[in-house]
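Okay, so subunit A shows up in both of these, paired with subunit B first and subunit C after.
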Partner chain A sequence: MVDAARQPLIEVKAYTEVEKVEGFVGNFKVTLREKAKYVRADRCNGCAACAKACPVEVPNYFEMNLAPRKAAYIPMSQSVPLVYNIDMDACIHCYKCVDACGALEAIDFSMEDKIIEEDIGAIVVATGFGHFDPTPMTEYGYGRFPNVITAMEMERLNNSAGATHGMVIRPSDNQRPQKLAIINCVGSRDKRYNPYCSNFCCMYAIKNALLLKQMNPNMDISVYYIDIRTPSKGYEEFYDRAREAGIKFIQGRPAEITEDPNSHQLFIKSEDITLGRVVEHEYDMVMLNQAAVPQPDQDHMSSVLNVAQSPGGWFMEYHPKLRPIDSPTDGIFFAGACQGPKDIPASVAQGSAAASRASRILHSDSWQIEPTVAVVWPDRCVSGKGQACGICEKTCPYGAIDYTKGISAEVITAKCHGCGGCVGECPHDAITQLHYTDAEVLAQIRTLLAVEPEKKILAFRCQWCSYGGADLAGTSHFEYSANERGLRVMCSARMDADLIYEAYRLGAGAILYSGCHPQDCHYITGQVAGAKRAARLEKMFARLGISPGRFRTEWISAAEGDKYARVINEMQATLDAIPEIELKAEIERLKPEMVKKLTKLNEVPGVEEAMIQVDFIVNEMKSKAVSL
Partner chain B sequence: MSEEVNETKYVGAMPDDEPRIGVYVCHCGSNIAGVIPCDKVVDFAGELPGVVHAAETMYACADSGQRLIKEDIKKYGLNRVVVSACSVRMHEPTFRACVAEAGLNPFLMEMANIREQCTWAHGHDPEGALEKAKDLTAAAVAKASFLTPLDMISVPVTKKALVIGGGVAGINAALDLAEQKIPVVLVEKQPTIGGVMAQLNKTFPTMDCSI
Partner chain C sequence: MNLPVNTNFAEQVKAIPGAEKLMMCFSCGTCTSKCMIQEKLEPNYNPRRLIRETVFNFEETAFTDETTWLCTACDLCYPACPQKIHISAVITAVKQLAFEQGRQNPNQTAKVVEATCVACGLCESVCPYQAIKLVEKKVPFRGMITVASVDQGKCMACGMCTAACRSDSIRLNQDFNDNEILGSLWGWLESEAA
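Let's turn to the complex of A and B:
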């Protein structure tokens, strides 16, 4: 902490919030709100005279509200920066602090929040985690029974700098507990609250047990656990040390804590798996080892930073194995528990890793980004002709489209991430995507459906998830029908309705429209656009009377190879169940409807010529198939 | 927005050169060739319009495979390359770099995934897998016919970092960056940095002080 304050190249801005992040890799514009402290940092010397003079006491968050602080305060004596703060919500404006500060004149009641703009090349997000509040778990009585406390409260009780100067006492009577229980997995590995393992709590329970044992060797300490997880270096040995020190480990998740209302003694009822029966033990005090949860403002930060969240609410990395530090947004990196529960060694390591990932960019004079971006044909954009539209701007998750009525929309290339959502949504076929142009994708569709299209299952898949799911199906040798023909675009948002119409016009047997699950989308809200369109298409195809299952929407992650194989096999079964003659009749019935809806084929520049060329390939394929 | 970053303009829907496509069908040892006869895919691809040369290779990603592609680009005047092999997630960067070394724009290479998404998934149906491998290769050839050269987009870099959160991870990231002479703004919403770590007593497994 002090090193950071001392380092001349680090500007520590405490009591400051990030309001807005705009721009792109190498060129972020960040707006910060430096909240008013009402104490001038350039004058305050941290002497504490203001706090001594202040007559107002409020609970201190830093002490888990177990101890008070003044309205003029620092959260702890080693605060960095050492600048006092006046809590205006608590202040009664008696101005005693002003008198106490005297000639220093550091206290300034006229201070206001300051808005600061910074130009930034790369961002490391290290916003940490929050603590699960066990109050809703009524079976443990937290909040009702004074001697049931959380792990963080225990932390401040046994800390020599804490509320009781390191004396662990029972809140009900200030007596020192002789018999204490620690319950693990409170709010984690619990499907009612958080299904995940909180990562560090086993070790944390062992640490606190050992610490308490060191303070009072006679203390009787039991740890209730589901499994003890000690997978890092030196951790299992640490666990051994605790067992040798006489700490009891009881395998079983407690069902209930009850209390004697007079003595405030606690009774834990739990299964003891080793004994194979239900046991009940009495304790003076119980510590609930609560789950790590995302920060309360994690959703807000996620929208400020434009980064997605994984299930559970943590920030989502680009790839869990290959790029665990990168966010899906170029130039934004994650460090520590904001990406998922992590202990100190892992957080420190990830801090260094994030710095190293960021410095690749920060040491470069320029940075290269993929050119698979969207491009507007200005002469096709109706806005240029004075018509109001702006659909592309609304679709873009990155604010990469400049739309002003009366002027053709323009893509801000460096902000464009290349999802192709605007291409899919533009009702006037005025946008295309480099490397996934309409001509290129239509050419693939036409060749994949060249021979016996009615037998084919054409699968549209996003690059990041469903394509990965299909890969995993193969890698795992989950076999599925070889009638599947896969097609890759960057995002389900790019899967234009016209592409689907064209596939049915060509006589496709079935079509799979697949992308990532909404929370996994690499383009923030790309999947949402894709899903809305798929729902519209589904309704329309139902109205047109196509057999159920011939158009199917599925969200398949890169981890769901089994699902990919299952979906294709189910689609094959659907096709098999329709008599050939009926299927062919249905396909023929649908064709004129599709022709009516299709605009891309004749309108998009170059597509018509391109399709003439593709037909040479298709004819060659057909002639080969006949000669077989 | 600087001028430098907004330079990409679409060059047109159709490429201005006549495609001369080379197709490389990888055996991947027995991973592909153990299920389908790769020569049949080569014979099929070799006759597709636009394809001037098609060949088999034991391992397209190996040095020898890449050398073959690079030599053929020169020998046959190829201006597009299709590699029918594994997943783009596996080797797209490899083959982009390979064609670039032979002087082609890296975006003039297209892959057909005939391993993960074909032979590995259809071992029970070798005939179906062969037809699928042909179709996937043809689709890659068709797409390749319309590929246009693309340049990576270059953007300037502001040499300053923002670290959001002054806990143990953020502090460490800020220190590492500053030690590399990169200016850092370290933002913390509480009045002090330190995060949860500063609230802890001793820390496992060494039981040292947290601050």
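Let's turn to the complex of A and C:
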């Protein structure tokens, strides 16, 4: 941190909050709130005279509230920049600090929050993680039993700059504990709180155990664990060292901690799984290795940055394997535990990677985007004719569409990721997607259903998940019906109702509407738009009397080749169960309905026409200045 | 040593409602250390081990395990389980399969004296395990009549029904009938008096 502050090309904005992020990759406009410190940074020399003079004491959050701090304070001795700060919630306005500061005149009670706007090229989000509060786990008695402490409290206790100058003491009587237990997986790997593994707690327990053992070799330390996870380089050897040092590892998750109310001694009852027997041990002190959880304001940050969150609340990366550092929004990157629980080596590696990903943007004049971007046909957009609409703007997961009533909607090309959600939703077919125009997709549908359409299963697959699932079914040699005809679009959001009507008009036997699972969607909320539409279509087809099973919605990930094969085979079985005469009669009966619905499509162009349209769109794009 | 295996056992247990999450167990032992029966009654009692036996299809071992027969379904373990497995439901499922194969509950259960039962339904209403139902049954010398009937799989031999019965028609089969209790009570009183 000190090095970063000294580097002339790095500006550290401490005590500053991000209020708003607008714009797009290379051209972000970021609004910052620089909070008032009531101490002028250009004058304060960090002498601490104000803190010495201040009569107000409040709990020090940085010390896990184990020690007090003054209302004039710095959070820790290595604070960067070394400028004192007056906590206005605690200040009693005695102005003793002003007198203590004297001729420096650094304290200024008239300071106010400053709003700053900055032009930013790329953003790296490194907001870290929060700590699970074990109070709701009443079985462990945190908050009730003074000698049950959390890992972070232990961290401050054994830190030489901490509240006790590195002396580990029992909170109940300030004695040095001789028997200490560490409990792992407190609030993690627990479906009642956080189902995930917090990643670093095993190593953290071993580290703390070894550290305490080094300080007091006579200390008896036991670690309760479900599994010890030491997957990285040198970790297993570290675990070996801990056992060599005499630290005991007990496999078994404690069910309960009880306390002797007089001596505040603690008793842990757990099954020792390797013994197959329930054991109870007495301890002076217990440390709970609590789960890592997202920051309390992670939801707020996610809406400010317009980046999605994975289940559990962490920021969601673009792709868990191939793009683990990028956010779904171009130009925003993640470093460290804000994206998921991570230990120090992994966070440092991700930080370096994020910096190099960001510098790629800062050092280039142009930015390549997917070629499948959306384009508005201004002559068809009803907004240009003065009608209120704005459906496309609401659907877009990236905020890439500018809609103002009275002006035809416009796509901010640099922000568009090409999911085609707006194209699928636009009721006037006024938006099209390059390389997936209605004409192009319709041409494919027509070709796929050219021969014996009633025997075909037309499968709409999204590029990222269900197409991958079908691919995997093939490469894994999972057999599925040869009557399946797959059609790829970028996202289930692009699966326009018109395309499905057209497929039924042509007499398709069955239609599969498939895409990613909601949490896997590569276009943030594209799947949500797709799923809503599918539910609407399902209802409508049921009303129209389409045999159940002829339209099916399934969310299939790229890893679910077996599911893809199973779904197709089930659909084939459903189709086989309908007698051919009845099926043909049903198709004939529905044709006029479908034709009626398709009149909404301004025109259903043929293949030749499709090519002309593509040329038109490409020319449109060329004539527009598309630059960053 | 190879334990006898019924390759379908885990699937059969899983198919019984409540036991669906059987395979989610990662053997943390919270249930065992939470269990009152383990603490107070039977040190060898171990729900974690029973789940493991079930997962690995050791049917015979599961059926003879004391865990199967001693669980009172108090559900102390259920809210403590980090995988949200309804452990008592798994145990009940194992028990159910054991009965389907004609096994008997090795522990004592309440028995109805059908010759004197008047089907008043008192026992049915007091049973905390809903183990007693009134059924229509052919009873020797009494013909087709309604009598109380005890579900062996559910009965925990608590004796509530025995205490409630006004015609002494439902009894615990071994040590805890009225005469035994009265006998020990008299014995105790006499020894106190002496």
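To be clear about the criterion, the second predicted complex is superposed on the first by the 595 of 628 C-alpha atoms of A that agree within 3 Å, B and C clash if a C-alpha of one lies under 4 Å from a C-alpha of the other, contacts with A are read in each partner's own complex, and residues count from 1 in each chain.
Operating definition for what follows: contacts are C-beta pairs under 8 Å (C-beta built on N, C-alpha and C of every residue); 3 or more make two chains touch, one makes a residue touch a chain.
Every value quoted in this text rests on a predicted model; they were computed, and no experiment measured them.
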{"item": "Fit or clash - subunit C, subunit B, common subunit A", "value": "fit"}
{"item": "Touching partner for A:Asp119 - first (subunit B), second (subunit C), both, neither", "value": "first"}
{"item": "Partner chain(s) touched by A:Gly312 [first = subunit B, second = subunit C, both, neither]", "value": "neither"}
{"item": "Subunit B versus subunit C as contact partner of A:Glu256, first or second or both or neither", "value": "second"}
{"item": "First (subunit B), second (subunit C), both or neither touched by A:Gly276", "value": "second"}
{"item": "Which superposed partner A:Ile226 touches (first subunit B, second subunit C, both, neither)", "value": "second"}
{"item": "First (subunit B), second (subunit C), both or neither touched by A:Pro171", "value": "neither"}
{"item": "Between subunit B and subunit C, more extensive residue contact with subunit A", "value": "B"}
{"item": "Which of subunit B and subunit C A:Glu139 touches, first, second, both or neither", "value": "second"}
{"item": "Subunit B versus subunit C as contact partner of A:Ala4, first or second or both or neither", "value": "first"}
{"item": "Subunit B, subunit C and vertex subunit A (Cα centres) - angle in steps of 10°", "value": "120"}
{"item": "Touching partner for A:Asp190 - first (subunit B), second (subunit C), both, neither", "value": "second"}
{"item": "Minimum Cα separation, subunit C to subunit B, after superposition on A (Å)", "value": "26"}
{"item": "Intersection of subunit A interface sets (partners subunit B, subunit C)", "value": "none"}
{"item": "Touching residues on subunit A, where the partner in the complex is subunit C", "value": "139, 185, 189-192, 226-227, 251-256, 269-273, 276-278"}
{"item": "Touch list for subunit C against partner subunit A, complex", "value": "26-34, 38-39, 43, 46, 48-49, 79-80, 82-84"}
{"item": "Of all residues in subunit B, those that touch subunit A in their complex", "value": "1, 5-10, 12-14, 44, 47-50, 87-89, 107, 113, 115-125, 128-129, 131-132, 134-136, 138-143, 145-148, 150-207, 210-211"}
